[in-house]
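Take this structure first; my questions come after.
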Amino acid sequence: MTVPTMPGVVPFSDAVARFDPVIGLETHVELGTRTKMFCGCPNRFGGEPNSLVCPVCLGLPGSLPVINRSAIEYTIRIGLALNCSIASWCRFARKNYFYPDMPKNYQISQYDEPLCTGGWLDVTVHDTPDGQPRSVRVEIERVHLEEDTGKSLHMGGSTGRIHGADYSLVDYNRAGIPLVEVVTKPVTGTGELAPAAARAYVAELRDLLRTLGVSDVRMEEGSLRCDVNTSIAPRGAAQWGTRSETKNVNSLRAVERAVRYEIERQAAVLDAGQRVVQETRHFQESTGTTSAGRSKEEAQDYRYFPEPDLVPLAPPADWVEEIRSRLPELPSARRARLQAEWGLSDKDMSALHNAGALNLVAETVSAGASPADARKWWLGELARAANDSGAELASLPITPADVARVSTLVGSGSLTDRLARQVIEGVLAGEGTPDEVVARRGLAVVSDDAALSTAVDEAIAAQPDVAEKIRGGKVAAAGALVGAVMKATQGQADAARVKELILGRLGQR
Amino acid sequence: MSIARAEVAHLAQLSRLALGDEELDHLAGQLDQIISAVARVQEVAADQIPPTTHAVPMINVFRDDVEQPCLEPGQALAQAPAVEQQRFRVPRILAED
Amino acid sequence: MDRELTRLTAAQLSAAMAEGEVSAVEVADAHLARIAAVEDRLHAFLHVAADRARAVARRVDDRRWDVFTTTDMPTTCGSRILDGWQPPYDATVTRRLRQAGVVVLGKSNMDEFAMGSSTENSAFGPSRNPWDLRRVPGGSSGGSAAAVAGFEAPLGIGTDTGGSIRQPAAVCGLVGVKPTYGGSSRYGLVAFASSLDMPGPPARTVLDAALLHEAISGHDPCDSTSVDAPVPPVVAAARQADVSGLRIGVVPELSGEGYQPGVLARFSEAVELLESLGAKVVEVPCPHFGYALPAYYLIAPSECSSNLARFDGMRYGLRVGDDGTRSAEEVMSLTREAGFGPEVKRRIMLGTYALSSGYYDAYYGQAQQVRTLISRDFEAAFEQVDVLVSPTTPTTAFPIGERADDPMAMYLADLCTIPSNLAGNAALSVPCGLAPEDGLPVGLQIMAPVLADDRVYRVAAAVEAALDSRRGGPLLDSAHGLDTGEA
């Protein structure tokens, strides 16, 4: 079998100028139930290998599955939040194939009768050329439930991956964990925004799932896994192109880069007069490219049939409605509500989103700050600090409560803006809470007249010519004297009060 | 209705059975016979008839999301042909997942 | 004394032990002695747990088919691929029997993974029919039937997927029952065809069968397909033995060509007997029963091809060919090739074929539709009658080796039993005499609606009482295959 020579890539802007991309995403979510999908083994991490197993999840001869009711409830929750229809009657099915991490050599999944169908998720793409956020409706094909596989360590090779390994070691602790699969319909019409739209979808889905409390959705840990499908067709073509499926996409950034690279790569393939191969590709984190997986001779024949060891699932309508009534405020609704409460424009909201500051600002407001203040701090001082240290805003060592406290202190006059910045600095440096930093650094505003008078007198005495000007009516000259007093008090004087004292002393009050 | 030997070989591969040539030939003949016999179901089956998977109709059999005792790793691994690092040791896997 | 103990029924033994006339240890010893005396000729057991049995001797002695997991004994399902496998958990049936104080004498032989009608498909050699040691004891639970009919144990447990309890019972002169599907738990029963398998008792008398049926039945939360309903009153029905006024239907489709004349003769006589006892007999056509066999031989292999996929040498059991250079795929294939017998491979291949994309609709899909038609036949029939009857199997026990190379001929043994597996209703086989041609046992099959298991016991008890009375003793007293001057 000859491997075609790689035609390279077409630069992205060129590719999207001539081709229309179509994307699709399949996302697997590990549910955070207490126990596994079909048995009572604990659903948790960190156990010794093969210590969280039983005859059922090991697939021992004679074992039988029993459905975890919570997993069904969580899945219905997800379906409702995605505006899906919940099946009134459906079944599990066996997906048959041999693989050592699957103890029964079939996976109990759902085939032509998924629990949830139809639906949509509206996502906003913020990172647009003109800065105007764009809304994209991603339609959902289906949401279904299945069981996860065990995990293998591939030994003896140089990369730890399957290719080149001598043998493998299998741990079944994660075998049987409930997994929800969310499949989108193909998303068209996003053009150059396709990579960003894919990323925005995964981010929004992740937020949604976290809000629903059904999973801890950590991409780095694998509780949220994405496969991205990408195809391109010449602009105006009647048919879609052949799609590739990219796996190993383990972060939001990877989602975006994978789509981008596939568009570039497929454009080059088509430009070279070749055909895009329908295949599974592997995203390479280090290079931001995708590589061909093992070529499959033919599509797998999974020989699906309804699972005979389980009886059908027919969620009663009142149960579904009860689940619906308990749905929390979803992220999109929450954002709309906050935008209205804070009186912000779409662009303002985009800025918050791009900085990753939305939740931080919301929490700061809850802790007592005004929206304007909260935004000022998070998008200003703190965004700068994050940038400087190369960290994410949310991982800065300062809490929304801290920021709210600083805001309150400024509002009550205990701190000036300038002092407040020093307090923030102190908290970031690990010196303690805002109040602790104030105390330690002695940053309280000095507004005691007696203390200030001394400094005022000294300043006047030190600059008699300036004082003379002020006596003569040039009130503006007071600035120099204020500056001197501020310097003498290490910036802790209440500048406005200082000015009043000076003017009063020099007869201009 | 006859089943070609190549198809039988394919079935063997799908089922992970390393059949020898003689066995393949023998099986092909027998399978052919059986498949012809069982094809009779097509005489009466029709689209409007719903399939049955369970004799006694039941729905919604669940268990509570409550932990149950697990096996000890020793028990789980006791019958394993090969064990390393408290895991099942298996030969090198070819296919990508 | 030993000889007499092994000749008692479980009910009699139970009563005797309760009265203090004999101890459980004595009963166990008597049976172990019998096993030692005849086992080399019967080959009914795969594993005899002599020490364990003596240690655990309690009220009722029992022998169980080697397809139920037991933590204290190997479970092989008659296959090399599980040779020596020691399960880490007990089947629910095992647990219930232990709780009932049952002594397990050992695990008996069976057709490999319950596939077969003669026990010739066991990887460990066939068992033999106590009536004639050159003949099969039926299958797949032939070992169980041989042991019980050979007085090595008063009771056995098997599973019935296509007739695997009833057919051996019929050809060995025993009572064999397939409870309503879901009536007994399948948790711990190594699966062959999930939607068809059902544990049940082979026994020497109707009452013994009922006692065991009750002991192993009932809802099990570990089995999603187990029925959440009270166990039908089978023991009471077994003691009732009164059929006056009962409506009985004869199924014309389960008769005719291919049926041994002696079998048909004894069957007719049984029907006449029932009439004489006060039952009303009518003919009730079941037009789709003729399609039951092909439907079964699509559904069962399909489910089994999937159920047996787990036997791949990775986690337990046999592993072949792992020389450090071969891939997992190759080792799996070599292991399964070496570990499975020809019938199992045949059915796996057939099942894989029937489920393949492109063929699903034509085969498995349509077989499931035929299943619906058969259920409807039963429903319609049971509106006219209380039970249906037929011969249990078209012929008496055939000679060992006669059908081994002809799968289609072998499958015909299940002709009458299969409809009840497809529809899931209760069915029982009770001896109704010996065929005049060969002096071998014939079974009468009684079928009742889903969850009406008690009805089959009621009718069977009536037949048994009447025939025993006519004969002047139980049928098995005439089984001379093991008589060589040895007890």
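Letters A, B and C mark the chains in the order given here, with residues in each chain numbered from 1 onward.
Everything below uses one rule, namely that a contact is a pair of C-beta atoms (placed from the backbone, for glycine too) under 8 Å apart; a residue touches a chain by one contact, two chains touch by 3 or more.
Values in this document were obtained by computation on a predicted structure and should not be read as measured data.
S.K.: When A-B is set beside B-C, which has more C-beta pairs in contact?
M.R.: B-C
S.K.: Just by CA atoms, which chain is the most central one?
M.R.: Checking distances from each chain centre to the full centroid gives B.
S.K.: List the centre-to-centre spacing of chain A and chain C in whole Å, with centres computed as mean CA coordinates.
M.R.: So the centroids are 59 Å from each other.
S.K.: I'd like to verify one number: the distance from the centre of chain A to the centre of chain B, where each centre is the average of its C-alpha atoms, in whole angstrom.
M.R.: Computed from C-alpha means, the inter-chain centre distance equals 41 Å.
S.K.: Counting in whole Å, what is the centre-to-centre distance of chain B and chain C, each centre being its mean C-alpha position?
M.R.: Chain centroid spacing, chain B to chain C, equals 23 Å.
S.K.: Could you pull out the residues of chain C that touch at least 2 other chains?
M.R.: Each of 85, 88-89, 195, 221, 224-225, 309, 312, 314-316, 324, 328-329, 332, 352, 356 in chain C touches at least two other chains.
S.K.: Using the touch rule from the top of the page, what residues of chain A touch 2 or more other chains?
M.R.: 55, 58, 66-67, 98, 100, 166, 168, 170, 301, 303, 308, 310-311
S.K.: Would you give the residues of chain B that are in contact with at least 2 other chains, written as numbers and ranges?
M.R.: 14, 16, 53-54, 58, 61, 63, 71, 76, 88, 90-95
S.K.: If you look only at chain C, which of its residues touch chain A in the complex?
M.R.: Contact set of chain C toward chain A: 68-69, 75, 77, 82, 85, 87-89, 91, 186-191, 193-195, 221-225, 302-303, 306, 309-312, 314-316, 324, 328-329, 332, 352, 355-357, 360, 364.
S.K.: What residues on chain A touch chain C, complex-wise?
M.R.: So the residues of chain A touching chain C come out as 55, 58-67, 94, 96, 98, 100, 103-106, 166, 168, 170, 301, 303-305, 308-311.
S.K.: Which of the residues in chain B come into contact with chain C in the complex?
M.R.: The touching residues are 3, 7-8, 11-19, 23, 27, 30-31, 33-35, 37-46, 49-56, 58, 61, 63, 71, 75-76, 78-82, 88, 90-95.
S.K.: Inside the complex, what are the residues of chain B that reach chain A?
M.R.: Its residues touching chain A are 14, 16, 53-54, 58-73, 76-77, 84-97.
S.K.: Could you please specify the touching residues of chain C with respect to chain B in the complex?
M.R.: 85-86, 88-89, 180-182, 195, 221, 224-225, 227-228, 288, 291, 294-295, 297-298, 305, 309, 312-317, 319, 322, 324, 326-334, 336-337, 340, 345-346, 348-350, 352-354, 356, 362-363, 365-373, 375, 407-408, 422-425, 450-451
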